[in-house]
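Down below is the structure, laid out as structure tokens.
Chain nomenclature is as follows: A, B, C and D, assigned in order of appearance, with residue numbering initiated at 1 for each chain independently.
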Amino acid sequence: SQYEYVRKFEQDDALLPLTWVVIRVDGRGFSGFVARHEYAKPVDTRGAAVMDAAAKAVMEDMGDLVLAYGHSDEFSFVLPPSSNVYKRRASKLVSTVVSLFTGAFIAAWPAAFGPDVPLMEMPVFDGRTVVLPTRAVLRDYLSWRQVDCHINNLFNTGFWALVGDGDDPAVANKLLCDANSAQKNEILFSRFGINYNNEPELNRKGSIWIRDLEVTDYVDARGHAGFRVSRKLVNVNTDLIGDAFWTSAYPHLLADVKLKDHHKRIKAERAAAGHGADAPGASQ
Amino acid sequence: SQYEYVRKFEQDDALLPLTWVVIRVDGRGFSGFVARHEYAKPVDTRGAAVMDAAAKAVMEDMGDLVLAYGHSDEFSFVLPPSSNVYKRRASKLVSTVVSLFTGAFIAAWPAAFGPDVPLMEMPVFDGRTVVLPTRAVLRDYLSWRQVDCHINNLFNTGFWALVGDGDDPAVANKLLCDANSAQKNEILFSRFGINYNNEPELNRKGSIWIRDLEVTDYVDARGHAGFRVSRKLVNVNTDLIGDAFWTSAYPHLLADVKLKDHHKRIKAERAAAGHGADAPGASQ
Amino acid sequence: SQYEYVRKFEQDDALLPLTWVVIRVDGRGFSGFVARHEYAKPVDTRGAAVMDAAAKAVMEDMGDLVLAYGHSDEFSFVLPPSSNVYKRRASKLVSTVVSLFTGAFIAAWPAAFGPDVPLMEMPVFDGRTVVLPTRAVLRDYLSWRQVDCHINNLFNTGFWALVGDGDDPAVANKLLCDANSAQKNEILFSRFGINYNNEPELNRKGSIWIRDLEVTDYVDARGHAGFRVSRKLVNVNTDLIGDAFWTSAYPHLLADVKLKDHHKRIKAERAAAGHGADAPGASQ
Amino acid sequence: SQYEYVRKFEQDDALLPLTWVVIRVDGRGFSGFVARHEYAKPVDTRGAAVMDAAAKAVMEDMGDLVLAYGHSDEFSFVLPPSSNVYKRRASKLVSTVVSLFTGAFIAAWPAAFGPDVPLMEMPVFDGRTVVLPTRAVLRDYLSWRQVDCHINNLFNTGFWALVGDGDDPAVANKLLCDANSAQKNEILFSRFGINYNNEPELNRKGSIWIRDLEVTDYVDARGHAGFRVSRKLVNVNTDLIGDAFWTSAYPHLLADVKLKDHHKRIKAERAAAGHGADAPGASQ
């Protein structure tokens, strides 16, 4: 029609090729939302389960995502440089993730909170994309979020302990704002016997979804041994700031390599390690 | 922390000031969604009611929106040039609207579809922002969407009539693709006695939410007459391509004028029309 | 080649369609440049002539430009909404204008400054694009620049008069910074007998290039009268903040209308004014 | 003033932090420009000298640039990830580089072309920025340009040899377009005895400006040996596609490391290599 020309007003928002892309969602006004739903403090495991379920649904829907990290009312989803999902269009990416997340959050609510705590209002999430040029910057991004988790949780653990103990909220807030990290730990320990390091990993580290490699050995009908490489969603609550997570625990997470190339690599590694083709149980 | 620097990777996506902004949402893979939920054809009034409820929720949440237009699985929301909601940040706008829309769609489902048709999967919407420099281009944008509604509905009305009558879908599709608008009307009339113009306005025109001006006269405690100007959400299914909608029916819709300035204008208009200050029932 | 893929890293920077586009260039470090070339103060007419020549060259090169406004070391070039020159790509626009401007500035130097004042260093200009949605905002943009011209010139006229009179530059600067506009006028008048309003229009208003309409009447070989409409570059130093410039002096400047449509309009206007087709000297 | 608000229409165009940025300039309509100035074919060393001088001037002006590569009428300038020059604003970068380049080209003309070949028209360059996330992509970008140099030069060498030999330009063009690389070499050799590999490196490889590290040993007044690390502009015409250029010839070019860190590294390397602090001529 004569109106078709307005299509040209849609501006191209494709994100820079071959970069890491993070899509972060964050609950809008969750301070109020958690209060109205009487979340446990500092961290409600039911609420965290709902967030985890929502993040899992996003991971399942968008197969290119390699990792998601979240805590409190936020989750960051990571696309590798090789991904061209939605042609890397920023608004498609952010809107689809936010829509999936919102829907899955709502769907997961009843199982987590049970019939006595119905969802009284629809949760709302904002979203944004962040383009990161290198693996190093991506790791710094994720470290930034996990440090934020730590800072907030240490504060909140102290705050709710103090307030639960009868302290005036304003006084508790002031006390903690004036204290450094070590002093917050000390307050927790001396007044409540809480060793912060024994707090649940979920609270202290947040939640990580990874699409881990899974190697399945098999022997086919004709007796030939082989193996399949696939990916499996795994949830962990652990440190991702240090190198261990990336180099020891999940060394292939950020390799941005296709399954068939993982297969090649593993085959070569096994061969080098002496798994001969005719050895019993050998893969080829 | 040492990681804070990654904040700088968030790029500023503020939309051009003093322009009209459209945020359009569209259901992802709704061809399948409507099939799996056995929507009536060509338009399911229950489905349309859910879309309308979702759009209404967005309108209620974001007070700056002046109009929303939708049909099928899409809705376009219109922000006026004066709006600075979310600092006009594109990703905030699109993500918030999509999240609100998704949640409200889910919330509205049971009332519209009843207990026998549960929501079997979460709906997913994509979203985008479109910046339009002038009122004229905005009207062309909306006309573009309503022409699309018309074209699709004329086609779908014919298609489902033919298929319902036993035609092979591929044959029906071919027949309609080869027919121009007049011929599609003719097919409908000659084979099914359907006068397309008598089809429901909802189907032919789609759905419009407007924040209409409402003028309420009152007399205060001391006997002084006055009036209040407020806005009210109104839903109509009507033509918005012609001038009538904009100049006769809702002449102030795109004025982008504050309530207090509407008050001034109306007061001046009434004065000019002879509502003297001391006339009975006069407003001041 | 295998390297062609890097083309995809060039991001689309097309400016919003149907908007006014300003390309503004500004001399880099011109405080030093003018000092090293001993420009007259506050405004050197030779320097202004070079700037004007450079701007004229840009206007001549890019036929879509409708107006340019400049003062000091800057010029703003205005493209109308209808223009699609360089597909509205921001970097093409800004780089081409800056390159044309730089080259033409250098080329114009000798004629303006004469053999005794050679160009000792190449001038450097930065550039930027600014998208403006409406005529009203464009006028405000131009008013902004002309107000800037006024403010700077009033200040500089006072400053150089004071310094020329032996005042310490820091003292002169302080005196003027503390004075409002009326007080600056007063200083000029009481100490130097200068009536600021009698300062050259060039200094006070800056320089405007417009592509004005020119109507040429003719009588063809067969005795038929007609007229041609063309555009001609005109330079003026006048106020563009008030309405007179836009409504009386150059009412068609921002019409963004093709020559042939101007022809039609003028023909109609003449007809209405009684220029009959058979009247002597009538155009058709 | 009341017009200041238009400043907000300048959109932020800062390029993604910590990425490689290329600014490429290319002559506008140089096919005509070189013809009108009777450039030698296929490559005019005077013209190349002017381009090199212009590129050198840009490198000298913007100290952050680490490399420039050019051929024909184009040059690409490379900023490292660490650079924040002009706050990485795209329009500032592209306009400043284009303005510098244009001015320096004009300034360099007379020395290269002599009094008999005056510059008859000002050259015009367009410019653009390209953001590249990693060293690998940057190398591919530069390889892309050098492959382009090779392809064009092989073609042009053949074309002008054929045309110089009396062939019809259209016929020569067709012959070469239909030939692959080996066949073009063969034509050159069999018809003209030209071994393409003996053509000047300038023609075949283009021109590279690098800011190379320079280490200067010294002994200070008190007899202590030391060394200074500085950077020096160097021009080479060589292959940059293979690894040798990057790993052997200029291993530190893309390190994006500060001079003082190079100093540290070299000191450590010398120490490891046995330059004891008390060895004669040792640096510290």
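Please note the rule applied: contacts are C-beta pairs under 8 Å (C-beta built on N, C-alpha and C of every residue); 3 or more make two chains touch, one makes a residue touch a chain.
Just so it is clear, the structure is predicted and the values come from calculations on it, not from any experiment.
Engineer: Shared numbers divided by all numbers used: is that above or below half for subunit B and subunit C, i.e. same or different?
Structural biologist: same
Engineer: Greatest Cα-centroid separation from subunit C: which chain?
Structural biologist: Greatest centre separation from subunit C goes to chain A.
Engineer: Which chain pair is joined by more contacting C-beta pairs, B-D or A-D?
Structural biologist: Per the contact counts, A-D leads.
Engineer: Hey, how far is the Cα centre of subunit A from the one of subunit B, in Å?
Structural biologist: Subunit A and subunit B have C-alpha centres separated by 35 Å.
Engineer: Which whole number of Å gives the spacing of the CA centres of subunit A and subunit D?
Structural biologist: Distance between chain centres: 43 Å.
Engineer: Once you find the CA centre of subunit B and the CA centre of subunit D, what distance in Å lies between them?
Structural biologist: Result: the chain centres lie 54 Å from each other.
Engineer: Do you know which subunit B residues sit against two or more other chains?
Structural biologist: 9, 11, 16, 131, 137
Engineer: Taking the touch rule as given, give the residues of subunit B at its contact with subunit C in the complex, in rising order.
Structural biologist: Against subunit C, the touching part of subunit B is residues 16, 18-19, 81, 131, 133-134, 137.
Engineer: So in the complex, which bits of subunit D are touching subunit B?
Structural biologist: Touching subunit B from subunit D are residues 8-9, 11-12, 14, 16-18.
Engineer: In the complex of these two chains, what residues of subunit C are touching subunit D?
Structural biologist: Within the complex, subunit C contacts subunit D at residues 1, 3-7, 9-11, 13, 25, 28, 57, 61, 90-92, 94-96, 98-104, 106-107, 122-132, 137, 140-141, 143-144, 147.
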